[in-house]
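Chain lettering (A, B, C and D) follows the sequence in which the chains are written, and residue indices restart at 1 in each chain.
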Amino acid sequence: MSDERADSGPDERRDARPTAEAAGAGGGVGGRPPFDIVRVGHVELRVTDLDRARAFYVDLLGFVETERTQEVLYLRGLEERFHHSLALRRAESPGLGHIAFRVRSADDLARAEAFFRRLGRPVRWVEAGAEAGQGRALRAQDPFGFPVEFFCEIDEAERLLQRFDAYRGAFPMRIDHVNLFVPDVQAAHDWYTAELGFRCSEYTETAGAQPRVWASWLFRKPNVHDVALMNGAGPRLHHVGFWVADTASVLRACDILAAAGRVAALERGPGRHGISNAFFLYLRDPDGNRIELYTGDYLTADPDFRPIRWSLDDPRRQTFWGHAAPPSWFEEASPVEDVRDGSFVPLSEPLLQDRPHTVT
Amino acid sequence: MSDERADSGPDERRDARPTAEAAGAGGGVGGRPPFDIVRVGHVELRVTDLDRARAFYVDLLGFVETERTQEVLYLRGLEERFHHSLALRRAESPGLGHIAFRVRSADDLARAEAFFRRLGRPVRWVEAGAEAGQGRALRAQDPFGFPVEFFCEIDEAERLLQRFDAYRGAFPMRIDHVNLFVPDVQAAHDWYTAELGFRCSEYTETAGAQPRVWASWLFRKPNVHDVALMNGAGPRLHHVGFWVADTASVLRACDILAAAGRVAALERGPGRHGISNAFFLYLRDPDGNRIELYTGDYLTADPDFRPIRWSLDDPRRQTFWGHAAPPSWFEEASPVEDVRDGSFVPLSEPLLQDRPHTVT
Amino acid sequence: MSDERADSGPDERRDARPTAEAAGAGGGVGGRPPFDIVRVGHVELRVTDLDRARAFYVDLLGFVETERTQEVLYLRGLEERFHHSLALRRAESPGLGHIAFRVRSADDLARAEAFFRRLGRPVRWVEAGAEAGQGRALRAQDPFGFPVEFFCEIDEAERLLQRFDAYRGAFPMRIDHVNLFVPDVQAAHDWYTAELGFRCSEYTETAGAQPRVWASWLFRKPNVHDVALMNGAGPRLHHVGFWVADTASVLRACDILAAAGRVAALERGPGRHGISNAFFLYLRDPDGNRIELYTGDYLTADPDFRPIRWSLDDPRRQTFWGHAAPPSWFEEASPVEDVRDGSFVPLSEPLLQDRPHTVT
Amino acid sequence: MSDERADSGPDERRDARPTAEAAGAGGGVGGRPPFDIVRVGHVELRVTDLDRARAFYVDLLGFVETERTQEVLYLRGLEERFHHSLALRRAESPGLGHIAFRVRSADDLARAEAFFRRLGRPVRWVEAGAEAGQGRALRAQDPFGFPVEFFCEIDEAERLLQRFDAYRGAFPMRIDHVNLFVPDVQAAHDWYTAELGFRCSEYTETAGAQPRVWASWLFRKPNVHDVALMNGAGPRLHHVGFWVADTASVLRACDILAAAGRVAALERGPGRHGISNAFFLYLRDPDGNRIELYTGDYLTADPDFRPIRWSLDDPRRQTFWGHAAPPSWFEEASPVEDVRDGSFVPLSEPLLQDRPHTVT
């Protein structure tokens, strides 16, 4: 088998650009992060009709219902051992309630509070049980306006991984990541890597003498990402990604939604991303919140995993097979709540062009 | 499991429209066809560079080379027991040489000659061996201008179905069908069913008080089709369809072509057709000839299989998942040769609108 | 790609042995069969508990219930357009009620009656509606003791092929074949090919100077088989085969049954047969009736498709991957009813050894 | 979807037995391990014929050759970015050369040396380049007799993850784990968790008042394991597990090996393990070394992931679908080298019964 190839896509050989990479990726070399994030834990989305949302997520896609209160539907994937990875909260309009990260210990919660207070960011505690099944948690507004929660304790729920007789729909396995529209990706990338200890697996950079990070894939758990940052008007949630076990699950989701008369939910895909190697499908739930079904990425456990750089105008970056994404995919996203009062955080325009030249 | 459904797509309950259906579908009730076609057997495409074509079909897609002469590359699929199902002939420009149907016996060849001569259509014999591996064959220009060949004898070749160690690329299994642009689909549909004994599995009809067949899927072997007729400037070959065993083979073809820098070959798909239920991918070979990788259709062995009717403007007809086809897919196709001199047959404009209102 | 291979398994080059092959395979050369069988249509199995059977076939495997009477549960696959392909009839013990073949026209029923009366075989008519959804049908005991039914008219049912939101379990698509234990396979092979126009796709032969057919795969619809005959104490039904669309459906059936505590239902497989190339799984229903989930065979439309010969002791014949089948698979099978009174037909011992030397 | 179930298999609710679990799983609570192991990095197997081994691993299974010296063939998987994950060294008999773990930094190598010297275990340095592509590494004999190597620096190699045109065979992606026969699993489990910071994902325990760990799955990278310990005469290497992306890759390996006349290489599977949920296939290379193709396990990133306990006699533990493993799978394994002189380490008999009662 020959390894030669003229036009290899991403430049894996180049020195990693992202300025904070050295510190961020080191993980233990130099300063440790102020508190220890394990992984993205759940996302709370706003939906206007819990029954309609349940029909979509549970009946068609196959998420497992753990608990339902008057206001919130708590769902989990088939592989997950905890109470929920997706909370759908009744609200007057769609949007993002918060993104929750699991931290390693209760001490990390205290350290997170101190960290955000030191930064002068809004912070508040959410008492145990306020979010069903979950212990005391901290909410903060990150410097880029995103409502982030940190929790440590959460009830276990039956893991259904081997309850194959209970599998339905697309067989969603577990939450994988969130993807965020951020006006200044370079700044957010630097902060998440240097301050919170995220590492970068892949990134997109603008051309020219002074390249800037246009998008970045950041991880704590060792696969491609827990958080992706993309250049765009923000803060907005672009999508929540759920991992499925194989490409067949993605295709089955297409067939099921189309058969059920929900073809409008199929926004983009199935296809393959150059970045992350993911086989993807983007769906819009009945309120327009976007989720991704996602499989096919890789492990990033090695401490010297060098970020893979993509040029913004490399056509294989977003769409390995050459498919154009619809304009909605670049333009539409979910507003995010202020952790203090639940109002939506105002948007800022992105610093860079909002999509590649290769997209028309 | 409930069978109810508000918006069932195709109307399977309606009386079959196609006027010649009663006779054509009967197969034995009433008149037998004048000669007995078994199935589509092979297609001869014109290519400008045999080496470049071989790199595409053999090296990337995994077709098996049976024989190569100065002028022609003879290929077959992994399931096939005969010399070739795809012949690539060196020519100055791309296009269709001929479409070959296998007939049941040598007597059928004689009957076919009589039939076409009676119609006053151009006919000529191709001597045994002129096409490698093949016995004496008859070529004729059908009433719609297509160069059709009929053959009975063909050399066997090793069937590689269980030579899994020799599988490469997309694992192409066998030729499945041809798809043709015809200016008057109703007329061609009527002729192929009433005269040649093809049966109709599915068809698309225009709306209004006087519906016309806009497209038709016709078969001799009992799956969805050997020949599809679509409304368009013609006679032109839209594509040749090759059957693969699973959706994974289709996705692998996308990945392989993109990895090899041949993303431009991926014209449309992967996706699912409402019609035929096929999971499809349309590829353009290096000369622009179009082939389809195809899986997921069904058996039509029952004599009372009633054709499934689709409305031209049903959005699920062409694209069950709601994806738009690119304009090229509606506009571009291969010119076809005159069986007498190899010149291209002039085109006529289609009688009906050239694509659905749902396509923009 | 090289075609050379020292130890190619089946001998596809040898002259077809089965003595009746010439007539049987010719199909039109020489005498036509006395009546025209289209394909295997359904099987009626005896079960002792309809609810328990329903839990297995519908709830776990995903068969679709068309109708349930006091005595019979009528099921169909997702691709099927007709009332049922599997009838489960309440009875005091498991077994085979009958095997039904669809014939082309009502005239074929009359011709079938004459044919069996001429042979002096037991024959009786089943009035329209006696079997739900079905027109008048003929039952006969074939010369080898099998209760066979012939029918032409049957109600349509909604085809669920594109109702992907209704898919459950293993996604069973359609009935494919029956497999029978016959004491004298050579005789049954000769009769089914020479008298009823079945063609042979593959067969197993004993070694020695006077080879005998040990097993035979016979078809009317053009894939590998509608009926398989295997050497064994009979007449008994070995299994009914249902076609699924892909290997993933077979694996999913294993996972579902095991998760549901029904691991004992998994008798053999998943694996690949050398014969037919099928990817298979053999299941025992709660009464011990055996079914197969089956995918991966091939088309046999060509009139000169020469039967593939396998030596009985070729280890790749039954089990391409080398797995031994459990003794139960060779020994156990369902008794079959006498069409006159529903009693079981007495068994005869097989003429040949009951399993290959390679099986221990 | 109901969560009820009478006979749920593994007892996930029971308090974790393994005595060293509290310390080992804590990771940061209490003592840190003396040096930081990232993951299993590669395995060196002894083979008697490099060409024959290459035909098996590269030509049939699709491993990628990075480098070949006179004595060693260095292979990697398609996802891997480093020089090798499998080294095949020419030797007079099969066996295990060493198991290599990647450590986080050069300092960890020094700490590892001190640690093993303190224990009085044999230790030696392997100079940079002695193993191709690799920096200075430490070899030691662990307390149970296994030759383990620790390395930090290793050359990068082109990652072929998106070179789909170069995929061959079973598409092996990356090394996943080693599985070891150990006479005293409880002791080895305790040492690897308490001393080296491995965490336990699943374990098998004997019945009775004083349960003992019979087998244990231990990880550093957060999936099910880097190292599995099984009760058996040892020290011996049971197998090296390589991860593939899907079940289809496993089935394709079966087909390819059988087609190539290598059916004897298929020792066990395909099937599903209850433990780890893996879809597995066990192969014997031409020298009898055993590898596993493996997919379908899950993430274990959460710090409070409680080990899943299985009873030794739970039939779903080893074989979720009920298949018996062949005796060879329980009895045969590879001897391991002494790091000092390359001689084989003598075996000790296992403390517990050598296989479950459910296995006959």
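The definition used in the following text is that a residue touches a chain if its C-beta (ideal position, glycine included) is under 8 Å from a C-beta of that chain, and two chains touch if they have at least 3 such contacts.
The model shown is predicted, which means the values in this text are computed figures rather than measured ones.
Most remote from chain B, judged by the distance between CA-atom centroids, is D. More C-beta pairs in contact connect the chains of A-D than those of the other pair, out of B-D and A-D. Mean C-alpha positions place chain A and chain D at a centre distance of 32 Å.
Centre-to-centre separation of chain A and chain B, using mean CA positions: 44 Å. Chain centres here are Cα averages; for chain B and chain D they lie 50 Å apart. Chain B has residues 162-163, 166, 246-248, 255, 258, 320 in contact with two or more other chains. Those residues of chain A whose C-beta lies close enough to touch chain D in the complex are 1-3, 5, 8-9, 12, 28-29, 36, 38-39, 58, 64-65, 79, 81-82, 102, 104-105, 158-163, 166, 168, 173-174, 221-223, 245-247, 274, 277, 296, 298-299, 301-303, 305, 320.
Only residues 60, 162-167, 246, 248, 252, 255-256, 258-260 of chain A touch chain C when the two sit together in their complex. Listing the residues of chain B that touch chain A in their complex gives 6-7, 247-248, 251, 254-255, 258, 261, 263-264, 266, 270, 272, 279, 315-316, 320-322.
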